[in-house]
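A, B, C and D label the chains in the order they appear, each numbered from 1.
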Amino acid sequence: MKRINEDITAYLEKIVEEEREAHHDGTIDACMESTGYTDPDMFGLCAMSTRGDLKNAGHADEIFPLESVSKALTLVFALEDVGAEELFRYVGKEPTGDQYHSITPLEEGKKGFPSNPMVNPGAIVVTSKIRGRDGDERFARLLDFVRIIADNPRIDYNHKMYETGDSDLHRSLFYYMRSHGAVSGSEEDSLVPYLKQTCIEMSCCDLARIAAVLANKGRDPVSGNQLIRSENVRLSLILMLTTGMYDASGTFAVDVGLPSKSGISGAILSVVPGRMGIGTIGPAVDSSGNSIVGVRILQKLAARWRLGVFS
Amino acid sequence: MKRINEDITAYLEKIVEEEREAHHDGTIDACMESTGYTDPDMFGLCAMSTRGDLKNAGHADEIFPLESVSKALTLVFALEDVGAEELFRYVGKEPTGDQYHSITPLEEGKKGFPSNPMVNPGAIVVTSKIRGRDGDERFARLLDFVRIIADNPRIDYNHKMYETGDSDLHRSLFYYMRSHGAVSGSEEDSLVPYLKQTCIEMSCCDLARIAAVLANKGRDPVSGNQLIRSENVRLSLILMLTTGMYDASGTFAVDVGLPSKSGISGAILSVVPGRMGIGTIGPAVDSSGNSIVGVRILQKLAARWRLGVFS
Amino acid sequence: MKRINEDITAYLEKIVEEEREAHHDGTIDACMESTGYTDPDMFGLCAMSTRGDLKNAGHADEIFPLESVSKALTLVFALEDVGAEELFRYVGKEPTGDQYHSITPLEEGKKGFPSNPMVNPGAIVVTSKIRGRDGDERFARLLDFVRIIADNPRIDYNHKMYETGDSDLHRSLFYYMRSHGAVSGSEEDSLVPYLKQTCIEMSCCDLARIAAVLANKGRDPVSGNQLIRSENVRLSLILMLTTGMYDASGTFAVDVGLPSKSGISGAILSVVPGRMGIGTIGPAVDSSGNSIVGVRILQKLAARWRLGVFS
Amino acid sequence: MKRINEDITAYLEKIVEEEREAHHDGTIDACMESTGYTDPDMFGLCAMSTRGDLKNAGHADEIFPLESVSKALTLVFALEDVGAEELFRYVGKEPTGDQYHSITPLEEGKKGFPSNPMVNPGAIVVTSKIRGRDGDERFARLLDFVRIIADNPRIDYNHKMYETGDSDLHRSLFYYMRSHGAVSGSEEDSLVPYLKQTCIEMSCCDLARIAAVLANKGRDPVSGNQLIRSENVRLSLILMLTTGMYDASGTFAVDVGLPSKSGISGAILSVVPGRMGIGTIGPAVDSSGNSIVGVRILQKLAARWRLGVFS
């Protein structure tokens, strides 16, 4: 594979060096303990251009749990699997000023139906709509899709993390929505696949590869295969732009302008449409749940190279 | 048994006649369908004085499900069983401006801990604290207590209603609170006893007997036995006054002034401290969930005889 | 004047001594700075029985601003002046789980109409309904009434406090309600009287005298004159019980059970219906805004002598 | 001037014909009464390409009040006038799930500071930051700017509409924010300029001209003059995309994908970056406050010609 644009590459190395220390303002979420990634100094970045060029920095090959980043992948697959029309009967497209795990918004607006696919209740709904005889098949199909778009058959979920995780808050959201008809089926069939997909693990390079597919209108930059319908890529990118960075999504859209999805684990998947996909991991997160180092690097990168939307 | 004060008795008959038609502004909740009590014209009232005198009017002997009225009985028993100090570690004493089934207030204030024992999440907490090896024993002990204070061993819960009821919203509340430590244990052990107690059935005369015990500082008006500690009666009466009539509790306190607990089934248990207990059933309820006929009769009665608090 | 019941008198002295130090957990509100009462050790109490007996302790004769305590007096006067039916067209009778100065509740429920007369927007509405050609007459009539029920013609408001107070938050509430029709008229005519009444100053003994009138169904314990209609006393006492102690009203009702009204200045007016009125001042307040020493003394007093409602 | 792309032109005519009747689902806001534009059949559209080509349909030359559309113009000018860094000290960049006139969000998050420049409190803050000795100069400078970017010196505000408008709700927002330091100064100086800018009137062709300047990175398509700094255009377009269409902004971003700003008058200013600016008027609005015909035409246009972001 060829290297991406030399200038951007050199700049990437420069800002990774500059911003490494930024994590000191953040905290590491408890969910990372079972993974061993509790070193705030750890940082990894990988970028893949839409021509398939690759650039690494830091711990780009070590794996970590996706946490909320997986919501973006699950959305893409559900759009492919059941279609936008069916999916958006059960979940909205609106940003919410509230926190991602909040149950309060479910009592407002369209009662029991979540605002968008990037908040926890929204992602529960989205996962539950994936086709499958039961929860196992539902999750297996999603995992297969993730392996394909990352071109990495070894991707799996962290079993220990899944088994030890506290799921009561998710159960609460699930039953609240089931009582209003937004989800159906049992916990096993409809909630468990959601719980498992938050535990999917991969490296920054896997993230960058997936992001590059999205940057390339759904076509694999390396093989040239159309892996995702371009219309579903478009829908996903807009929702990532307006709702992908927790309750700092609007600020990130203005300050950076790249459709992205972050996880409490410190991972960020970021898309520069038509140009490249970026994956970063830096476990120290800010009060909104976004990786401090990740956000700063993406902001510098977007500003320097005018990568953001409408730039 | 002797008759209660002749004047009040005559007045009761008069206002029952006058207010029978008031139900036309109300609606009958879906929960009543499995019980057969869907006739808005149905009305029953029973009053028992603290000397044991009894007065009936209308359908006073037919049984109906208590719905939220049972929250008051469960509170009394939990206070007897575990004590106020222990109980109020997990549930507050504050009225809330929100609806009784709302989950939103759980995200405010003391997060995951309900405001008071008369909203659904509060009653779930209270029921779960009753002592017992499991849910069956927990509920059996509660039911025994209810039979004793009503002096009626035939009181039971409506099995069909329990089995057909939709419990997803309650599950949602349960798991939300469990994730914050306000409740513990399984659904079977800690939530099912709550679901069953809402299905307990009795007649207006059973309600009046229980209310008379409360009006008599916990002493049975007929046998003279002390069935409830007077301090626990006091606590329960105040909470009934401030929170017993759903989100119209404040208005009812001002307009009527009797510590009472209403149910969506149209039942009301009402206490005139030192004087009498009253039970009414009238299935047409207002927008807050209170029996229209019941509220009007209690208001007229309290105004005419200056029965309300501070009168 | 004769002394009130000797036993209670002795007990009062005892608990005032015991609880003096309790203030250390509290803070003194900024509003007290212009008054000079910023000494947390300052404490005063006065009790007057319904037979006119008087008992003092501590700084019972020094004057302090009433702050929210005045809401109770303004409510009583507005009820006398325009009647309950007219008044409750514009303000509700329901407790609210929110803070007393919150504007959020005005967007819920009956939009633009406040929940009850004891929250700031409610008291603004109540004050604005007092009859008068303009704001000056409106406030003058209220002040006259307060002087009469306290039997103290020297009572006035603190001009400096009124002039230096920040009123923007109240202006915001005022215009919000005016846009929905709950209040009318200009700031001068309808808001200024509210702002002035919060600055009314008096001593604990003035408070005790007023409270004793309320405890005596509106009849002056000393002169025997009926100063307030008994029905308006009843309405006011219930609203004090359910909403008088900020967002700790429900807890105070359960733990103490005396209809009371507190102010951020550390003042509390407390009524023992049929027995006595109590005024306390202790400027260190808890997180709800209630005087720490005041609440503890009232709780001990009520528990020891079974003074609370339904005791 | 030359005509814009012939194909789009023909398509515009076609969909304007097709969608004319769509207004039947909407209502006309009371604010339009004083303007005479209460005919739901009225519809106007104008598009200007970034090369200066112009296309009209319907009532494209009649003037109407901008209402909230002006928020976008005021934001652009304030960014030019005081800079982004200064401005965003007082107003956020986050979408809110709440209605545009709501005061509730001001009690959450950064207390007293509005979420974004497109909700009413946010626009009040933005207008108040425009430089000027007083409110008159502040508004005069804004109006001058609007005339310049529309290349139309006859643009003015509707004096009658300004004088008869009910401003109490805005006063409430203003004083709430002033009490928290988000705005300062008097009503005359800081609120009146906001009230006047909502009354600015122009035609669809004026709107299209302004939108074309924004589509052209701030450069006038006709004269070639740089009227707005490109960075401020970028900031404004992103905020229009995430917050410009009231509480349907997220849905419009997904379904249409054009940075736009709507007004309750039925006006919409819409930008196709790099290609064209569009102005529409159709007074029947949906429950969110957006012109029904306008939204449908923009959606069809964006879908047919892949004009939306990330298409």
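Please note the rule applied: a contact is a pair of C-beta atoms (placed from the backbone, for glycine too) under 8 Å apart; a residue touches a chain by one contact, two chains touch by 3 or more.
Worth saying up front: this structure is predicted, and the values here are computed from it rather than measured.
Participant: Between chain B and chain C, what distance separates the C-alpha centroids? Give it in angstrom.
Facilitator: That pair's centroid distance is 33 Å.
Participant: Taking the mean of the C-alpha atoms as each chain's centre, how many Å separate chain B from chain D?
Facilitator: Between these chains, centre-to-centre, one finds 54 Å.
Participant: Where does chain D touch two or more other chains at once, residue-wise?
Facilitator: Residues: none.
Participant: How are the chains arranged in terms of who touches whom: line, ring, star, complete or other?
Facilitator: Per interface graph, the chains form a ring.
Participant: What's the complete list of touching chain pairs for this entry?
Facilitator: All touching pairs, sorted by chain label, are A-B, A-D, B-C, C-D.
Participant: Any idea which chain C residues touch chain B in the complex?
Facilitator: Within the complex, chain C contacts chain B at residues 92-98, 105, 108-109, 115-116, 233-235, 237-239, 241-243, 247-251, 253-255, 257, 259, 273, 308-311.
Participant: Could you please specify the touching residues of chain C with respect to chain D in the complex?
Facilitator: Interface residues on the chain C side: 102-104, 106-107, 166, 168-169, 171-176, 178-179.
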